[in-house]
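One structure follows; several queries about it will come next.
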Amino acid sequence: MKAAVIEQPGLENLKIKDLPVPEPGPGEVLVRLRAAALNYRDRLTVEGGYGSRQRHENLIPLGDGAGEVTALGPGASRFEVGDRVTLSFFPDWTGGPPTEARFETSLGGRIDGTAAEYRALPEHALVPTPDYLSDIEAATLPCAGVTAWSAVISQGGVGPGDVVVVQGTGGVALFALQFAKMAGAEVIQTSSSDLKLARVTELGADHGINYAAEPEWGVKARELNRGRGVDHVVELGGAATLKQSFRAIRVGGTISMIGVLGGPRVELLVPLVVTRNIRLQGVTVGSREQLETMMRAMALHRIRPVVDRVFPLDELAQGIDYLASGQHFGKVAIEI
Amino acid sequence: MKAAVIEQPGLENLKIKDLPVPEPGPGEVLVRLRAAALNYRDRLTVEGGYGSRQRHENLIPLGDGAGEVTALGPGASRFEVGDRVTLSFFPDWTGGPPTEARFETSLGGRIDGTAAEYRALPEHALVPTPDYLSDIEAATLPCAGVTAWSAVISQGGVGPGDVVVVQGTGGVALFALQFAKMAGAEVIQTSSSDLKLARVTELGADHGINYAAEPEWGVKARELNRGRGVDHVVELGGAATLKQSFRAIRVGGTISMIGVLGGPRVELLVPLVVTRNIRLQGVTVGSREQLETMMRAMALHRIRPVVDRVFPLDELAQGIDYLASGQHFGKVAIEI
Amino acid sequence: MKAAVIEQPGLENLKIKDLPVPEPGPGEVLVRLRAAALNYRDRLTVEGGYGSRQRHENLIPLGDGAGEVTALGPGASRFEVGDRVTLSFFPDWTGGPPTEARFETSLGGRIDGTAAEYRALPEHALVPTPDYLSDIEAATLPCAGVTAWSAVISQGGVGPGDVVVVQGTGGVALFALQFAKMAGAEVIQTSSSDLKLARVTELGADHGINYAAEPEWGVKARELNRGRGVDHVVELGGAATLKQSFRAIRVGGTISMIGVLGGPRVELLVPLVVTRNIRLQGVTVGSREQLETMMRAMALHRIRPVVDRVFPLDELAQGIDYLASGQHFGKVAIEI
Amino acid sequence: MKAAVIEQPGLENLKIKDLPVPEPGPGEVLVRLRAAALNYRDRLTVEGGYGSRQRHENLIPLGDGAGEVTALGPGASRFEVGDRVTLSFFPDWTGGPPTEARFETSLGGRIDGTAAEYRALPEHALVPTPDYLSDIEAATLPCAGVTAWSAVISQGGVGPGDVVVVQGTGGVALFALQFAKMAGAEVIQTSSSDLKLARVTELGADHGINYAAEPEWGVKARELNRGRGVDHVVELGGAATLKQSFRAIRVGGTISMIGVLGGPRVELLVPLVVTRNIRLQGVTVGSREQLETMMRAMALHRIRPVVDRVFPLDELAQGIDYLASGQHFGKVAIEI
């Protein structure tokens, strides 16, 4: 089978190779992958920058994938051959709260990922793909979709009438927008591009702020909310944006910490956190159960992921470069 | 001023009288009421059937009202003369969880209600009326609206993708439908009238079940949900419906107990509650803070209450009779 | 190996037989059981009264067990031979909220239970036995212990200063007392025996009420709480006790529904539930994760289960009769 | 009456003056204060460093107080003359979640505080003092006690078996220790003094770590918890300690942000927060309802605040200096 392999850290060491098709062991199923998707984290793993959370030699990268079941290992009974399936990002986190053990393995991190034609996986790591979604669309859900779901819904508890700021227009950001609207919230989206802001308005955003034109966008967000402050910020920029998030947030509000595009180290003014009763909540994808619940909600509302561009597996390196360029709007996917 | 007064229990003892306009005391404001609304509970209070929760002589009935501020008592500062305001059902329950003390007074229960041209009330018992709503519309919110909000949102925690059964098409039922849709849920509504079911579909219900034609509607609801069982039932029928609610509900689901139209005494099969991990949650209107949060969500979605019919204050008795007849679809209101 | 088998419903059909030792399959381990424990539910299963939740022919009964690992099936890696282990009541409910699928199998229900010398079980169905507990003590935890833990802690959220009524002195009741005290609550225990009330006081109960002497014990409980009403009732009696539980409970309080010793059908006065904002919460044991969390808490406080009496496996029928007699104080266990 | 007044920012401008006894207005009561207590925040207000949260001229400082009711204003009915009362830190935050409006006024911040013989306050800003506590003891509760209660119980949700790290031995720290133990948790306390560690052990701490001897105390805390990581950190040091808190905390754990003794600006490594699913929760004292609930729990367990030293009102400046010296163990109080 064809697979992409990082022989050692460095995008230049990403090779397309021919490997043997794996055998499904007890309780496993063999999946013919048809699609994968890229996340910011995959840029880190190809560079070896994910530390102890990844294998550093001969790793098949990528954490998102979808395809169909082609064989069952001994004792596997949740699926049948031919079933369309989507993979859960943390194969062993089926449900319950996050724990060290449940984070232990992640696809394309400590264990091989989805940039390959076949993967043998525990059947508990898979969910049925909703009929209305293509494999490419389904493949965008496990990491970015579930991250947005955790941030906005399962950890965030956003509900009708809440005001949510979503930063940017990448994969997580557009899911966060779609989910916040689905939950009845008012969404303020930020971007440096008026063109992208026009597109998020079509997707349902109530307000757009161009942060290039309006560097004090946190103040602007607060004004849009008649001075009350927003209930929730989906924080994707890290060092570059946190200060404005604090300007925007209301007393008692929540800032979901997800991304570090603007740098990993931020200076936190503790008295602000304390005297305004702010909650900063780190978000780490989610369980298979969250993936299933999210898919049920998406299917009810016939929500489609925004796929910006699809690269063939052979051009995975170009795909990763494209993601790094920041031009995308929504998800970048891989056809296998 | 004109006011309706129950001199002693019995609808025949409901008199329209001329009373002095009250003076606002310290921290109070005087409200010129323009609209009130009727609830099932008001039928009980005119008959004296609300036990220790009501005054039994010379009570001005009704718990819902809206109008405008015409005078301020000493120290009152939250409103100005001319402000449009809606009254909170429990004047002294401003926020926090329910307690005996917060239930102590309710408009048209232990203290005088809204069937009068003027009422002097603590300023903390009022909220600004949203601009887009008429006084008649606003007056339908404090009891039925907040009850539905508590059941579905603040106590129920209904969110995107959840499946909710709402019984009937009265005031609480239609609010519950509107709020469940606003929160991203799938709604199954029951009624004995195909005409009314057609109307709830227009309001957003995903499915309607005519329980006259389909007495085992709980089984049907479960089928509509592909056998999983529904997440939440807004239980308004009591004795007549609870058995079917148990058929419909999923393991771990919630039944919000609100109404007793089908009789106050129900037989509960405890092993079902236990082995299916069911939660039965009594719902008792809510606080001023819940009223405000609900109004903010409604305003964002420009949700309008369904007003079935409006009676003038002089015809309050006819209005109560009409409500008792069960012909209404949504709320019955009173113009003052 | 020696095992107890219900060939068909009826305690008289409970036979001690010699069966082959099972082989652990993939992901399974073989456990040499040293102890089991009895629950009210086991009385029902031997009589075939557990309906679709149980197998009705040739069932090895009992849901509680502890022992040691004697062999590992292929791929099993969580335990080593010789490890002391306790079994989780629902082998496939490892974590997360209750679902139909997670209730599907229970030991001694739809699948064989613990009244046998050996059982091969998925390794995810086991937890390490805390060092300070004997096998007999550990065997009392999975059903009665976790049920009390769910009722009081994970579903009940009882905390410091809360007032909890616990009914009776059976297995669940004594765990509920121990856990409520561990969480900082005040406990009012009911019993018909002054002797048993003296013993619960030694275990930490703050107050005892003899319901034989004080049939209106709900009123008494409310008085002990200076009229505020209690926060939580652990309801074990069903029809015989629910009315008094409603007298005792405060506005907004929770009644955990667990037992039906006084009869399965109760009459519920819906207006009480509604106007007092009561929550009735069914409790269905819990997940392996809850068992682990409970054990960690118990180990910290060196809490020992109260074991009333131990029968050898050969006398299982007598043990079940003894449990049915209601003489016990705490748990009845089986030595294997 | 005698009162301390900060005429303008600077401890040297703190004067003991003779002022007229205030008159209780509508809904107010007059309290003869007998005791007050000092908090770190009071050091800031006397220096004018509390920004827009305080009045900068002629402020009576201090937020904590207790005494007895000596007169009732018009309409006041919750208390009688002679009742012993404790003041709530935010007079207008009676219940519900934190909001900007509820933080608007705080005693000794935007409005006059408790360093005076008399204060007229809204009756809703007071709670009855438990009989078993002296006025000095009661006066230590509203700010430091409620802050610890929010951190550990109402926001923190600490329960039986949880492991909590508490930093230091100041007022909040000792309350946090007492409350975490009351809730059944295991407590690891840090201090730079072995003598103080010996005293916290007497108060119930399970482990003490001398951070002077053990600068990597976060690693040590994790070891004490057998590598699992602790569930909760009560973070009082800010810049000086947050890095170690991250070493100690488990995946999915909570760090309560309260203090800034080690400096207000901390560097946060966002990837740690994200990939470990950490929650950082700012804590801002709490409502009157939380004060009442905390007092009920304390009364049940007969918990006494640790009072390190009491200064007379005339020596308020010395008291503030003493607090700043960091020698105290528990609370520093003022006798009035």
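Per-chain numbering from 1; labels A, B, C and D assigned in written order.
Following the convention adopted for this analysis, a contact is a pair of C-beta atoms (placed from the backbone, for glycine too) under 8 Å apart; a residue touches a chain by one contact, two chains touch by 3 or more.
Values in this document were obtained by computation on a predicted structure and should not be read as measured data.
In this entry, B-C is the pair from B-D, A-B or B-C that repeats the interface of A-D, since more than half of their contact pairs coincide by residue number. More C-beta pairs in contact connect the chains of C-D than those of the other pair, out of A-C and C-D.
Chain D has its Cα centroid 41 Å from the Cα centroid of chain C. For chain C, the set of residues touching two or more other chains reads 97. Interface residues of chain B facing chain C in the complex, by the touch rule stated above, are 53, 97-100, 103, 228-229, 238-239, 250-252, 257-260, 264-284.
Every residue of chain A that touches chain C in the complex is listed here, in rising order: 25-27, 74-75, 94-97, 287, 289.
By the touch rule above, chain A contacts chain B in their complex via residues 153, 159-161, 179, 182-184, 186, 293-294, 296-301.
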